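Structure record follows, encoded as structure tokens.
Here the chain labels run A, B and C in written order, and each chain numbers its own residues starting at 1.
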Amino acid sequence: MAESKIPGNVLYTKDHEWISKTAPWKIGVSDFAQNALGDLTYVELPNVGDSFEKGQEFGTLESTKSVSPLYMPASGTVKAVNEALADAPELVNQSPYGEGWIIEIEEAGSLDGLLDEAAYKAHLETL
Amino acid sequence: MHRYFPHTAADEAHMLEAIGVSGVEALFASVPESCRRTAPIGLTGMSEWALTARAEALAAQMPAAGAAWVGAGNYRHYIPAVVPYLMGRSEFSTAYTPYQPEMSQGTLQGIFEYQTLAARLLGMDVANASMYDGATALAEGALMACRVTRRHAVAVSLGIHPSYREVLATYCRAAGIRMVEMPLTAAGETDASAANMAEMAGVLVQSPNFFGVIEPLEKHAETAHAAKSLLVAGFTEAMAWGILKTPGSQGADIVCGEGQSFGLSQSFGGPNLGIMATRKEFMRNIPGRLVGRTTDASGRRAFVLTLATREQHIRREKAVSNICSNAGLCAMTCGAYLAALGGTGLAHMARLNRDKAAYLKAGLEEIGFTPLYSGPTFNEFAMLAPAGFEAKHAELLKKGVLFGLSVRAFGYAEPAWLFCVTETRSRAEMDAMLKEVAHA
Amino acid sequence: MPENKSWPGISSLALEEPLLWEKGREGRTGASLPDPDVPAAPLAGLERAGLPLPDLSELDVVRHYTRLSTWNFGVDTGLYPLGSCTMKYNPKINEKIAALPGFADAHPLMPAELAQGAMRVVYETEQALCEITGLKACCLQPSAGAHGELTGIMLIQAWHRAQSRQRTKMLIPDTAHGTNPASAALCGYEAVKVPSGPDGILTVEGVAALMDENCAGIMVTNPNTLGLFESNLTEIAKLVHERGGLVYGDGANLNAIMGYADMDRIGVDVMHMNLHKTFSTPHGGGGPGAGAVCVGEKLVPFLPGPRIAEENGRLIWTCAGEHSIGRLHPFYGQFGVILRAWAYIKTLGADLKKASELAVLNANYVKAKLRDVFELPFPQDSLHECVFTDKKQEAFGVSTMDVAKRLIDCGYHPPTIYFPLVVHGAIMIEPTESESLDELDGFIAAMRDIAAQAEKDPAALHAAPSLTKVGRVDEVGAARKPVLTGDM
């Protein structure tokens, strides 16, 4: 597999979600994740206004053969969802850190325990 | 040597040698003694000829075709000879589920056609590749309504076939869903006023209902939608849609019914065909398989099973249903039947059903029967009988004829009798029966 | 083009055929429409405006479905080694019997005194299945294997409820078919995954660690989806019973052990069987099937009703008991399917044991002849199916998918692939007893050639299949923008 992109302007979870370091608090999945999942066919999004705890499942990513849950990197209330994903779930594959963002939350709860780019890179090597 | 087992002694010896064991018994070494039978299977085999004789003897004990003047979920209709002929092709019947689309385009296109015709027939956006039968389709329709609305109760019309309500109750008991009954009015239509609609995931109504009455689905849809509930419209007699306004045009959200009338022999109640359809917005929540259109790498049109992430083999415990094998060949058969009849033919056949049933109903009224309900009916209707009919019914039964079904036997209080007339009943037969019944 | 001549894949003319609504002309009909012989009785205000179904002539319909059938592959076409599906030969005498007018035209609501013939078929089938499994009573209502599973879980649930117990979990092995946890979930049970041991089967310790007073029971497929007999099942059943649970047996693989295993002795409380697998009824391209359920003594009171009983030589319907779970079928079950299974059981009798023996012989032969070219993840004794992985082929960039698609060009239906999930790139082969030595040798030669081709020419495998009407289809596009009818 080609080198996985790991930008430094976000923090990562061990489950391969990312969250912005500052507002606007966007959440998505890493390049490693989109590559492992393969071509996405559907993204199940929460509703604006839904609240989740850190680690809670807030949506799913579907390929033709699998369904993967999405877990919150930090607690928060959904401010916006990426509506473009309804017609073009492939945006997550094409641009996982840019146009393929999944949700935006109002205020992020604690970011303790999340991985920076170096720690996430090291984590990927153990897999 | 048996004709189903091709192995000769030489074949067996060769294979055992390749495996490296001395006898077939050795291949079962992993079956511990504690798990084993203590006696051989106590059954005896028969030759093809003895079996045929036995089967023919048992079949000969059954009544003649058309002996039952009843429907109640199973209907006698003419089946064009081309339908069983084509559906008997073993490329259709001996194939598995089309998981390898390159070698199953026959099944896939056939089911895609069925899905399309079923959706058009019912006025809905999407139909699935089938459920087992109308009863389990209704149960799954209730579960689907609960999923979509996130509520845990359903309002159930007492006009729904009692056996269907029993199946529904079995599913609801297991899943913890509450059922609230809705009685029928004097016209024989569902009275939805009793149910607390705000709590209901779905309003479940059958049309035409068990008593043959055509329900005002549009009115029921309004009642349901006012409370953000879904209208789940069931049916047992698919032929009705040959002339009646579609459930879709009347606001149904989920339609689930029985397709046996379209090309499936009565066969003592099974196999059947669960037809299930819904609106585009609920597409990802419908259970069952779905065939979709796509292309291959060269751009050729092709068909494939799709949206499989709803199903058990991917989602497992989070699947929308556990259904795997459904009624594949029955759905293909329905497609072939509808293809043979065509829109023009189906409308003609459905009209014959309605007209002939109306004829018998009028004839019965002339000899002292009265309709139980005043509502309009399609090819089934319930009548209160004049004195002496019970004895006549028993007398006819002794001659092998079932003229009417006692509604009381299904748990209703009314002493009424259910009749069904399809295109297979001639005027002469009806006249003869009316004369016989009128005669004390 | 495949080079080896020992398998049947060839090229031929495959005719195109449009969709039904792309052909036909308004006003045509393919059916004989009777003339009305009664007055018209229209339904004012209730009738639909139009009926948008295509009109076709009889020959239009015949050519349509004849051509569609040529694009399909069935057991009658060739070897169909789908693991855990038991694609055995579907006898044609069963079809002739199912079409006998006395059966085909029978209305299910005829009273018992007029339905003795059909009832006798149902009754004898129930008895035969009890004899075959060793269990005490049988219910033929379920319409498919998964439906049988659901029935079984409902029975277990009802048993607990009758003792005022409300258990919330169900133990399910990691090798289980997806219908197992899905069926448990329909009854509100949480599926608890039980890992198989290093030998590919369940261990007593593994189950003991998870079986507590919150578990309603365990669902076990035996033999399991790796083709291995769950040899510890008797001890496991004992443990589960001791802790107040029941044992559900998924009988999808019953074809391996007829005449050998006694389910009652093992301690199974309820099991389902697939009449369209073990008992030869046709798969129909996805049904109709039938899922018979057999139970031990404990669960008899909970069985769905009505049930058949014999009284003075006559068969009668008896009402479901007060503890019955209710009803799973609007009538008595998939009679046409049951009738075919009855005919099959009547044909073989005690030779059903021979069917299992030859099924196991065939699978072990294939395993012996392929284990040097495909990796066997579990080398233990297996029964009627064997499971390989694509580990060896991965080194050349060839996957299980490529192997399967190339097999199509060779004239064979691929085995079950990517299941069970515990094996990477699983290839599950179940030849069944119907296949002769010649057929097996042809399949083996094709598989060996594909393994060789994986090393020499992986690109050809990636491009497969090339001889079929369509090549690999765009499944991603089909799921992203679903087009489920001709009008979407």
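Everything below uses one rule, namely that a residue touches a chain if its C-beta (ideal position, glycine included) is under 8 Å from a C-beta of that chain, and two chains touch if they have at least 3 such contacts.
For clarity, every value in this text was computed on a predicted model and none was experimentally measured.
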Exercise for review: Farthest from subunit C by Cα centre, which chain is it? Let me know.
Suggested key: A
Check your understanding: When the contacting C-beta pairs are counted for A-B and for B-C, which pair yields the higher total?
Key -> B-C
Practice item. Kindly work out which chain lies most centrally, taking the average of its C-alpha atoms as its position. Key: C
Practice item. Could you give the separation in Å between the centres of subunit A and subunit C, each centre being the mean of its C-alpha atoms? Key: 39
Review point. Cα centroid separation between subunit A and subunit B, in whole Å?
Key: 45
Check your understanding: Per the centroid of Cα atoms for each chain, what is the distance between subunit B and subunit C, given in Å?
Key -> 20
Point to revise | Multi-partner residues of subunit A (at least 2 other chains) | key: 41-42, 62, 64-65
Revision key, fill the gap. Subunit B residues touching 2+ other chains are 306, 308-309, 314-315, 318
Practice item. Can you tell me which residues of subunit C touch two or more of the remaining chains? Key: 475, 478-479
Study note, to complete from the structure: Within the complex, subunit A is touched by subunit C residues 418, 475-476, 478-480
Study note, to complete from the structure: In the complex, the residues of subunit A that touch subunit B are 41-42, 62, 64-67
Check your understanding: Of all residues in subunit B, which touch subunit A in the complex?
Key -> 284, 306, 308-309, 314-315, 318
